[in-house]
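Sharing a structure here in structure tokens format.
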Amino acid sequence: MKLFEFMAKELFSQYGIPVPRGKVVKSPEEAAAASREIGAVVVKSQILSGGRGKAGGIKFADTPQEAADMAQSILGTDLKGFVVDTLLVEEKIKIDQELYLAITIDKANRSPILISSASGGMDIEELSEDKLVKRNIDVGIGLQPYLARELARKLGLTGGVAQQASEIMVKLYKLFREKDAELVEINPLVVSGDTVLAADGKINIDDEALYRVGDSVPHTEERTELEQKAAALGISYVQLDGDIAVMANGAGITMATLDILQYYGGRPANFMDAGGGAGVEPTAKALEILLASNPKAILVNIFGGITRCDDVAKAFAQVKQTRGIDVPMVIRLVGTNQEEGVRILKENGIDSYRTIKEAVEKVVEITGTKAVE
Amino acid sequence: MAIIIDDKTRVVVQGATGKQGSFHLKQMLAYGSNVVAGTSASKAGQSVEGVPVYDNVFAAAEAEQPNASIIFIPAQGAKAAAFEAIEAGIKTVVIITEHIPVHDAMEIMALAEIKGATIIGPNTFGIISPGKCKMGIMPNSIYLPGKTGIVARSGTLSYEIVYNLTAAGMGQSTVVGLGGDRVPGLSFIDLLQRFEADPETENVVLVGEIGGNAEEEAAEYIKTMRKPVVAFLAGKSAPPGKRMGHAGAIIERGKGTFESKVKALAAAGAKVASLPWEVPELLSGGSV
Amino acid sequence: MKLFEFMAKELFSQYGIPVPRGKVVKSPEEAAAASREIGAVVVKSQILSGGRGKAGGIKFADTPQEAADMAQSILGTDLKGFVVDTLLVEEKIKIDQELYLAITIDKANRSPILISSASGGMDIEELSEDKLVKRNIDVGIGLQPYLARELARKLGLTGGVAQQASEIMVKLYKLFREKDAELVEINPLVVSGDTVLAADGKINIDDEALYRVGDSVPHTEERTELEQKAAALGISYVQLDGDIAVMANGAGITMATLDILQYYGGRPANFMDAGGGAGVEPTAKALEILLASNPKAILVNIFGGITRCDDVAKAFAQVKQTRGIDVPMVIRLVGTNQEEGVRILKENGIDSYRTIKEAVEKVVEITGTKAVE
Amino acid sequence: MAIIIDDKTRVVVQGATGKQGSFHLKQMLAYGSNVVAGTSASKAGQSVEGVPVYDNVFAAAEAEQPNASIIFIPAQGAKAAAFEAIEAGIKTVVIITEHIPVHDAMEIMALAEIKGATIIGPNTFGIISPGKCKMGIMPNSIYLPGKTGIVARSGTLSYEIVYNLTAAGMGQSTVVGLGGDRVPGLSFIDLLQRFEADPETENVVLVGEIGGNAEEEAAEYIKTMRKPVVAFLAGKSAPPGKRMGHAGAIIERGKGTFESKVKALAAAGAKVASLPWEVPELLSGGSV
């Protein structure tokens, strides 16, 4: 779950990481009032995406009137696919140096990694490796102050600035660990005179950990309603622009099913990973989500492992009996309890195939798409 | 031979009395795995399919000397279950559980490294050495003992590959699921090294997918391998994924795309299949 | 630093470990009032020593009048060298089983060790090994609930009692770690009906950690005034019953010096380890402590390492010049800056020796004790 | 040879600019130790006796490749200093600091075990391989290169023993102080094993004292040793110490007294000296 910049900064403040003075506003009037209190400000659109500056979502204002005008010009606009309804109005700070500081998960090393640079700001990912200071953190030891001081030294910082930067690293690591974050990022971390502060911030919280940190962090939602409905069922669902609805169980097989369908000339209407081990009811509901999107046909590819073929078959039979299924369905069904599943489908007048090749060829034929071969 | 598990493996099932645990305990027994114990905090003293259930892994270890554990404990208790297995001296731990918080996974891996334990998963279908031992949730029927080692990120996709191999009469030495989570216990390289060293394995199938740079790293090792490697990758048609801030971009450095992976693997000498059913032909030395 | 039973129980309560209801009282009247509130009680003397029960420091009372009588009979008495001025008046609990539970430091394993037994109560140290459940705790992992449950199982506990006992273990470990304890001990840990509670408790806090946990634990003092004065100087000082005052630097050499003195027929008046690296002022003050005990002679054995011989010599010269030294002093002085030290002593009319044998023989001769050889 | 440190040891001094640190840095240099770096959070860039001072051990390690560290940091910062040395990859860490909380010591030892580092101390006089390297606070003048290994719990008492050995013309291979704190990094056995394996060491002196059961445990190992061991123990005349609750009694089980230690060591074949100056005679094969 991504947090808005203003939420990230609230968490930074909680952990003692300095941020500029600022106010969250939703109208030009509030923006003007904030500017009256703060002085010269920067007006920043709050969206769950980077690249706001280049897209015109960050503007400067020296007076309350200018702040209101800038707010007016941003609010309600579409930025990178998000409609702006919230702004952060912040004091304009003098920037002497822009640093970059992030902690995320290094999958290869299976541990947290701190990434920092003395050349922060825009286009950070274009930096060459020698401009970066990277260090894996041992979760058993944590990021100790001595290591943070060493990293600050490697960034070329000295004196009070080095001390503040190293303290911010330690606090950011604490936040990262305690809030189950996948990413905490400060870009830029600004040196302004003799103080160091977080001028922008990104935090992603691990969705799987929301059950334990959810009450202590603000919440955001960037999924569509249908995606949320699917997620509530434990299903990964992403809308695509084709006409053949696809369901499979497992991220890899779902991707491969889309690949094969496309290879044979079909156009998938969605990505739906019904997950492993879904029982009768969740599978029935997943099928209803597919039907709700009005596809030309439905392609189902189930290789039963933790998912049992008989459960899947029962779900399809149930939906057919209660709601009715008015589009062609092509089902590939093998694996755990396969015989029982095939029998149940047959009893309900649904044919099934043993290979994905047969199933894909069939669905492409039904929908009238020309096959490649 | 085979890698990691074989007919000497003594399995304890953590969470043996739950719905998934008891179902798959039965399936593993049916496959012929030597399941010697189960654990359940509330149902110790009972048995599941004739397998005695103990309070915890320490008690099971004392009574039955298991040397491998498979975990069917829900996500909120999975870290403790893995710690318990490791602290009780189990050296191979298969974590089936999905939705484990990634910070828990990092802690599990850190402890496993300290204690010299091998973690398979989390969010894996498990591991099987056909004809010898199965620790996982894969269907029993599709495997055939043989000479091909398989390592996969995704479960069901590996079944698809195995299904095609078995149909072509090509058996498997060991099939391993790395697990679909962000921090798995083993990498492609860890498994490729074991397969390269295993006298019973003649060739290897790598089943990968887009995202991360594990396949690109594997390619570096494949360059040094004696045994042939065939790869299949999923995700060619997928829209670009969401990236994890600048930090993610810095780590991946442009790797992670379908094209990047195919290119790296091909350059390393691996044959890359376009469709799952092409894998047997490529393994046989043919082309498609 | 040892804590009184009532203090240990306050900490137990803070950590959620159940204890009997009780009141700390200092007079028979307060004891009666506590009994009126609680009912049948046990009146327990609060001293920094075990074995109170056998020594008559624990008595039962069914009525307030009895409670007052019992308090009267204990208060002001001398128990194991301590004058009783505080009592804990506690509810009398039904005892179905007495367990033993302690966590301390296993020097050999360099880690915490949990020791427990289903046969708690008096004479616990006489138990045979097979009656004990012991387990070293990995400080990196801590005492996790699963391990505590296993230990409860090994004690033969079942059901709710096992659950409560294992939770108490986890809480006790937390207390042990967070309060820098050297020892936490519950004896007996009582099973009373379906509940488990700590009927007695001992806690020793690491003196070296008082700087960081001192504010969060109650304080006690069991040293004499002279010992406290010495401790404030960083000096280990214990009064003995001989007539030759001894100072050395290092626990081992001090013990060995006493051994040798005794071997040659001398009787040490004290044990004084002046520590390593003491400078001029602390050494002078240590010497003044020795002089204050009015010995027949003073034996000093300094092997300079981190302690510098010149500092020691300066200290002695200073005391001789300012306060005067009216008893014979025999000094053995070798090691770091030895030549300078010997020179300073000589300038101040103090002879020094190069071997401890010579020094001990000399001091024994001076004090008129007959040597063994 | 010699054990743990020798003429290839490159020493970094943590806390090199403090009173004790700078004094002993100078003494170590004077002895001929190869002190390559010092650290000081506030005085990096300076030098002490010509030895460059760095911000921390990481920086020192990068510039000067030390392989051993000696810590003169006050107790409140000593755990962090030891962690820093270990995390920076130093494999031999000598902790001179006294008054370190025992929980900190346990954490240091746990990390050292995980990372494969050897800790000498805390509250030790250090270690010296005469003529090769000194890392510690012992006086420079009393040691003589030779064939006797010495391991001691107490510093000054070891000087006394060494003084007598050197006076008798008997040199030392390595002299090690375990440290006087409750949780030392090494045990008598750890050192006896190293001395037994060291070709340069011909015999060993164990300098113990009352309390704990380390000497009794050492006796078990001495039974298996090829090289002769002479012991000296302090504390014969000491009044009985205060015991640490029942738990202490359970752990010690009656061990820890002077008599128990003498009995165990004598039974294991060690000669036990009654007075410090008897040690050379006993080492020479004589009796007293």
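Letters are used for the chains, namely A, B, C and D, taken in the order the chains are written, and counting of residues starts over at 1 for each.
Keep in mind that, in the parts below, contacts are C-beta pairs under 8 Å (C-beta built on N, C-alpha and C of every residue); 3 or more make two chains touch, one makes a residue touch a chain.
Remember, it's a predicted structure, so these values are computed and weren't measured experimentally.
Chains making contact with chain B as well as with chain C: none in this assembly. The minimal number of chain-to-chain contact steps leading from chain A to chain C is 2.
In terms of C-beta pairs in contact, the better-connected of the chain pairs A-D and A-B is A-B.
As a whole-number value, the distance joining the C-alpha centres of chain A and chain D reads 55 Å.
One finds 47 Å separating the Cα centroids of chain B and chain D.
Centre-to-centre separation between chain A and chain B, using Cα means, comes to 26 Å.
If each chain is reduced to the centroid of its CA atoms, chain C and chain D end up 26 Å from each other. Shared contact sites, meaning residues of chain B that touch two or more other chains, fall at 111, 114.
Shown for chain C are the residues that touch two or more other chains, namely 138, 140.
If each chain is drawn as a node and touching chains are joined, the picture is one closed loop, every chain linked to exactly two others.
Every pair of chains in contact is given here: A-B, A-D, B-C, C-D. The touching residues of chain A, counted against chain D in their complex, run 138, 140-141, 144-147, 149-150, 153.
The touching residues of chain D, counted against chain C in their complex, run 20, 24, 27, 75-76, 96, 98-107, 109-111, 114, 125, 136-142, 152-160, 163, 180, 182-185, 187, 207, 209-210, 212-214, 217, 232, 234-239, 244-251, 274-277. Interface residues of chain D facing chain A in the complex, by the touch rule stated above, are 41, 55-59, 80-81, 83-84, 87, 111, 114. Interface of chain C with chain D (complex): residues 50, 100, 102-108, 110-113, 115, 124-125, 127, 132, 138-140, 177, 180, 182-183, 185, 187, 202, 204, 206, 208-209, 211-212, 238, 240, 248-253, 255-256, 258-263, 268, 271, 275-277, 303-306, 334-336, 338, 355-357.
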